[in-house]
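Before I ask anything, here is the structure I am working with.
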Amino acid sequence: MISRVIYAFLSVGILGGLLGLALAYASKIFAVKKDKRITDLEEILPGANCGACGYPGCSGYAEAIVNEGAEMTLCAPGGADVASKVGEIMGVTVEVSGEKMVAQIHCHGTRDTSKVKYDYKGINDCNAMHSSFGGDKSCPYGCLGLGSCIKVCPVDAISKTDAGYLNIDKDKCIACGKCINVCPTGVIKMIPYSAKTIVACNSKDKGGIVRKYCSVGCIGCKMCEKKSPDGGFKVENFLAYIDYSAEGSRTEAIEACPAKCIKNLDEAQ
Amino acid sequence: MSDELKLSISSSPQIHSPQSTAKIMWLVVAALVPAGVWGVYIFGLRALLVIAVSVAASLAAEYIMTIVFKSGNTLFDGSAFVTGLLVGYNMPPEVPLYVCAAASVFAIIVVKWTFGGLGANWMNPALAGRVFVFFSWTSGMSKWTMPRILADAVSSASPDTVSGATPLGFVKTNLMNFTGTSSGPIDFLTSQGYPVHSYLDLFLGKIPGCIGEVSALLILIGGIFLILIKIVNWEIPVFYIGSFALLTWIFGGLNFGNGFFSGDPLFHVLTGGLMLGAIFMATDMVTSPVTRKGMIIYAIGCGFLTFLIRSYGSFPEGVSLAIILMNIFVPLINRLTQPVKFGRLPKEKKND
Amino acid sequence: MFKEFSKGLIKENPVFVLALGLCPALGVTSKVVNALGMGAGVIFVLIGSNIFVSLLKNFIPDKVRIPAYIVIIASFVTVVEMMMEAFLPSLYDALGVFVPLIVVNCVILGRAEAFANKNGVGASILDALGMGIGFTLALVVIAFVREVLGSGSITLIGMGSWDGVIKIPGLYESPIRVFSLAAGALLVMGYLKALLAWSTDRKAVKK
Amino acid sequence: MKGLKTFQRGGIHPKGRKELTNTKKIVKADIPETLIVPFSQHLGAPAEVAVAAGDEVKEGMVIGKPSGFISAAIHSPVDGKIKEIKDIFLANGMKSKAAVIEKSEGFVPVEKKTQDWNNKTPEELTGIIKDSGIVGMGGATFPVNVKVSIPKGEKAEYLIVNGVECEPYLSADHRLMLERTSEIIEGLRILKKIVNPEKVAIGIEINKPDAIEAIRKKAAEEGFELDVIPLKLKYPQGDEKQLIKAVSGREVPSGGLPIAVGCVVINAGTVNAIYEAVVLEKPLYERVVSVSGNGIKNPGNYLTRVGTPVSALIEACGGTNGTPAKIVVGGPMMGFTIYDTETPVAKGTSGILVLTEKEVNAEKRTSCLSCGKCIGVCPMGLNPTKMFKFIDHSDYSGAMDIGLMDCKECGCCAYTCPAHIPLVQGMRLGKKMARKKVS
Amino acid sequence: MTYVGIIITFVFINNFILSQFMGLCPFIGVSKNVESAVGMGFAVTFVMSIAALATWAIQNLILVPLHIEFLQTITFILMIAALVQFVEMFVQKSSPSLYKALGIYLPLITTNCAVLGIALIAVRSNYNALESFVAGISAGLGFLLAIVLMSTIREKLDSEWIPKPFRGTPIAFITGGLMALAFMAFDKALLNNLIG
Amino acid sequence: MTDMLKIGGRLALICAVAALCLGAVNAVTEPKIDAARVEKLQNALAQVSPGGTIGEEVLVDDAVVESYYKLDDNGKTIGYILNLKGSGYGGDLIILAGFLSDGTLYNTVLMEDDETPGLGKEAEKASYMKKYLGFSGSNIPSAKSQLDQTEADAISGASITFTGIGKALEAGSVYVTEMEGK
């Protein structure tokens, strides 16, 4: 019995020792340098693989930062936080500007509120429909509502509301810009995360024309401009824009808008 | 705001052939009816009950799944009906009703809808359902009844040699303990006093077996009809049956202690649901390859596996297992048999 | 501290969420009692190896980290194996080759790599306990479904004159046997995972 | 039918419906009071607007100048006044600038006299074609002057005239070949001088036996060496790649041009337009349009001025029968539906179809059954269902990898698909998105 | 058992994935696309065949003569772990492109039960050296077959709209389950009938 | 170099210590395991033995019979216990069977198998094996058709196991009669 324990002790010890030596030796002759910074970067990048940085996934971006000297602020989901950490690893301080942005769809028109030109039969895809006469809505600027953006959003931030228009959940959105890229009408635009209001219309047509085809479209009446003396609203090309840097309450403008197309985001959700 | 009449806008082509999914499915149902009617005729109303329960369970499962997954109503596209019908056709007439219902439910819910419904499944639902219940309730799935029209022949044969086995099952299980010589299955059946021993009976369907598989003749007629109206490609049944028959002919005699090239392909083609499988089940478009070349490879694979399982496996028939095994290979076959693009032909010599 | 323990139960459940240690999770779950036995074995090995790895983390050279961990793990597994064979022979038979395979149960090496070699002994024990119980929990759930459907019974640890088998009338006589076989194990696993995905999704939506 | 030439792979046999119009002689359509002339009637860059609102224009006057290498001139179809320049939608759903022209009162088209062209050099002839704004009238509207300028190092062996007209309903080319036979032969002489091919051939499907006969006879009479090749009935034989395959057995390589296999393909109507441009000095502002479909009271072939609104042309045929399901510009396989009947006829408009529900055969779309029928009929040897699925899942590069760019959008796949999947629309979407990504 | 028998057994009848429940983690984890499945399959086959041979040597040259069979598990796994690491380093140095293709899977193989499984099974079946080696290759090929088929099916499923809760691993398990159902056609009795 | 030695040495140390500990545990458990194994075999032998003293195990070279034990009753051989190998649905079946010296099967148990629970595994029960008892030679049933209806139904779905065991027992019985004949 005792002899077996001794055999066990010796044989396994020798086996382990030999293998250990072999591995240690092998790791020396087969040594391959891998930049540790890449693995470190991979760890701090969010791992969403959303591609907003323009590289194939987070590890692709990590490699690009180290090997190709790619910009360090490209990770939209990670935002300022990650950018500064990237800087730490790379040994530089990174200037990060601004607050987190989120995408919003600037149109709350549905097929009930806006006039329809034709009876569309085909693929449920905004780009496909847009190829036929710019979509079935008489308004050429609005959201077509077939949800191409929903399909591309990597974090499922976009959904259809009960009222029938689409809404983006600002807490989920990581500002990757994919929806903006895919949308054929350009109705999605970035706004600051803290924004509380949007003008839910994208029509640059004259008020009279808008009235003809949409009951919730901005008619460019400049009411909002008047009701927000601090410069919160500006009308250009018959469409109202919000200057999110201007302080001040917007309730009055919301009340005053005859088309009711200025929306309180918290209510819209 | 959209009250006036609007013209439809659609992408080209602006016209369409008269075919549609629903038409295809209901035509398949029509082609299946004769074989089923025959089954009910020879096995009695119990067989009809089995078919009805299978179809009802299949439709019910389909209905529930369309609600669960909030997809449009697909009951009338006929595909669940075909699945249910084929499940019923693949059941012995005396099968407990919960077994055939379970097969249908498994087929529709697990095999079809888990993957997203019509067209998304990669395994033949009806066959997977059958195999599932076969492995679960093996004994319930192997209780056979003699056709009513054979009553005379049966009563004259000794009852315990024929306690309801299909010709194929009878030959296979009894061959294990058989020590005499026999030139082939038909000879063997005759020598053992089995009540069916003519090719004609096999062809017409006067044999025990699954409800819908017995009448090779009526299945063949339905199949030819489907081939003529271009719903079924001829390649799959022909290469399936052909390769199977060839292998049986070459090696099938070995089990009887005879040499090569002495098998009895006719017997094997007419029994064990091969016809039903080759014509109606291996041809399910969803679970078979998309190109001609692929179909041929797939069909030969089915033929080979059916032969292998029949001759050497533990189960008498091999059709259902062979087809679902080949279903596994279909995506691979599709990958390997992409169509050849136009413009690949090398440029002709300018001066010829 | 409690987090180290609780995360393994659901949020980072090794089987359902991390998809590790799948083979035993499917191989030994045809009976509930086997799942319990396997779970106990894994908990023991996990705790033992986590303790030793975290103790020795500075002693073990990086280049032979994996072999060293695995030797430690294998030692505990062998202890379990020998003990089980000596004292619980029927369970040992039922678990078959899966007992030595605890060594390669990815959960264990995974924890050694991901947790014990970075943390202190206390945290490592809690982590091991959480992961081990999470693993056991998952196994028991799978085994429960499989045994009820596939055998029509629930086999627990027998005591005294009771053999530990609860028979389910109806199902026991003609069970859906496929669920006790390989195919059924994979199917059950798939549906349980889908159920989990669905419920976490719903929770997220509610929030 | 046996022994007739055709292409090998794929193809379909939709109902021809040619009987609605193929016996109807070409008649002149009334010129409406207001014409809408788009500046983008061809493949390539839109023409540069050369007039402004209020300008007086004359029939045949250039109102749009070619704005690049691949572009074409636009001419005024009538005497009149430019009312405005505005954005309109073309039949294909794209936006274009267009001149709205008010016809001057009492406008009568000028009768043209024939000119002798024999002493003109090939370069001069090409120049005339370019100045006349001739574009391919077989559908692709590719500027013909570019097409007939054979690149250095290439040699055209075959000049193939496309008289196939494989699209159902259409018979404009058919009638042209019957009624303008000698003009087409003369046009071919011009082309032969420019292109200098070894052989000239014309492919005609055998559902037009009278045209085959007429061309054969006329060529023999005039001593013009022309290979008249009757072709088996099969869509899309009129596509140049398929036609070249049918006529010469050669396969244009993927992504390549016909000239890569020594061929130049010209549509029969285009040949007629070349004749008119060179011999009659008449730029392209008028073409034959087949107006057909069961929804049209009096189907027929109309010589129509470019810019004529569809509504005016339908009016000219006695209007519609009941409620139409679709109004199609072009053939039923490749054409576009329009929602606004003010859409104008353009140089490439070969037909206006008013289709009823019954002809359309639209049904509910279901999921793909993997039946493989679309693969079987694709003349380009593609895998439409797989490409569609890639596109459906936004994997455009996946679709490109398996040949999306080779797709001709011929519609065979979508026509056949029992699941009624809009495959062609998918291919278009895929190409559009793939381009969007690239740029 | 003959070599043919061993091959058929480990490729079809006792397919490690579809009937033995070994090597499931990489089977589920690395079967998302065909390329990596093929890579993983070959890597596993390679390691399994060498491991079967090496562990045969340990068993018969060290453990049995010294009567210390109870050290089977620990010595085998030690050997395998070292082997895998060795292979990994070697490949990384000698062929970076191969390493890119296989490298990420190699560490996974250490904790793949299939490798230890084949070692233990070969020893328990009293195979000789060559038989162990053949068993190792065959079991590896069985794994390769299963994972490649799985990956082709999963690629097909990528182009379908799988209901949301099932996307990812759940559908992979269910697919594996259906594959296992079909593979039940291959049983011991079939082998016995086939090769007597 | 010292680095390498350090690495190798530490791994060796861990391995050796681990092995040492295992050796200790093994020293405790092994006797127990062996005892249990012997006990199991003894119980089984006693169960199938028709009587007499059980002799030494004799290994034989035969396709089915692996080994036998002679049963001795005061110098007279009253029978044998055979260790048989049959083939079932899930692989080999190891059967321990006691025969009288005329080849009649006295009792038998299934020691090892890999059959399906609910089907072939039923053969581990005495009630299943009862169907074979009291027969000898080719009278030992190995097909459904040799059973009456209720018994046949009981093995329905597991006839491969039944045949496998029956065939092995038959070979065992023949082996016994041959041994006696010599």
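Residue numbering begins at 1 within each chain, and the chains themselves are lettered A, B, C, D, E and F in the order written.
By our rule, a residue touches a chain if its C-beta (ideal position, glycine included) is under 8 Å from a C-beta of that chain, and two chains touch if they have at least 3 such contacts.
These numbers come from a predicted model, not from an experiment.
**Q** Trace the shortest chain of touching neighbours from subunit A to subunit C and give its length in steps.
**A** Counted as steps through touching chains, the separation is 1.
**Q** Starting from the defined contact criterion, work out which chains touch subunit A and subunit F both, please.
**A** B, C, E
**Q** Go ahead and name the chain pair joined by the largest number of contacting C-beta pairs.
**A** Result of the pairwise contact count: B-D comes out on top.
**Q** Based on the averaged CA atom positions, which chain is farthest from subunit F?
**A** D
**Q** Centre to centre, by mean C-alpha position, how many angstrom separate subunit B and subunit C?
**A** 41
**Q** Once you find the CA centre of subunit B and the CA centre of subunit F, what distance in Å lies between them?
**A** A distance of 42 Å separates the two centres.
**Q** Using CA atom averages as chain centres, what separation in Å is found between subunit D and subunit E?
**A** 60
**Q** So how far apart, in whole Å, are subunit B and subunit D when each is placed at the average of its C-alpha atoms?
**A** Centre separation, subunit B to subunit D: 49 Å.
**Q** Can you list every residue of subunit F that touches 2 or more other chains, as numbers and ranges?
**A** Within subunit F, residues 7, 10-11, 14-15, 18-19, 22-23, 26, 30, 89, 119, 160 contact more than one other chain.
**Q** Among the residues of subunit D, pick out those that touch two or more other chains and give their numbers.
**A** Residues 336-337, 339, 362, 392, 422, 425, 428 of subunit D each touch two or more of the other chains.
**Q** Please set out, as single numbers or ranges, the residues of subunit E touching at least two other chains.
**A** Only 68, 70-71, 74, 78, 82, 85, 160, 166, 171, 174, 178, 181, 184, 187, 189 qualify.
**Q** What pairs of chains are touching here?
**A** A-B, A-C, A-D, A-E, A-F, B-C, B-D, B-E, B-F, C-E, C-F, D-E, E-F
**Q** Using the touch definition from the top, list the residues of subunit F that touch subunit A in their complex.
**A** Contact set of subunit F toward subunit A: 3-5, 7-16, 18-20, 22-24, 26-27.
**Q** Which residues of subunit B touch subunit F in their complex?
**A** Interface residues on subunit B, with respect to subunit F: 138-139, 142, 160-161, 163, 173-174, 176-177, 314.
**Q** Looking at the complex, which residues from subunit F come into contact with subunit B?
**A** 89, 119, 142-145, 149, 152-153, 156-157, 159-160, 163
**Q** Would you pull the subunit E residues touching subunit A in the complex into a rising list?
**A** Contact set of subunit E toward subunit A: 58, 62, 66-68, 70-71, 74-75, 78-79, 82, 85-86, 89-90, 92-93, 96.
**Q** Which positions of subunit F touch subunit C when the two form their complex?
**A** 6-7, 10-11, 14-15, 18-19, 21-22, 25-26, 28-30, 32-33, 36, 116-119
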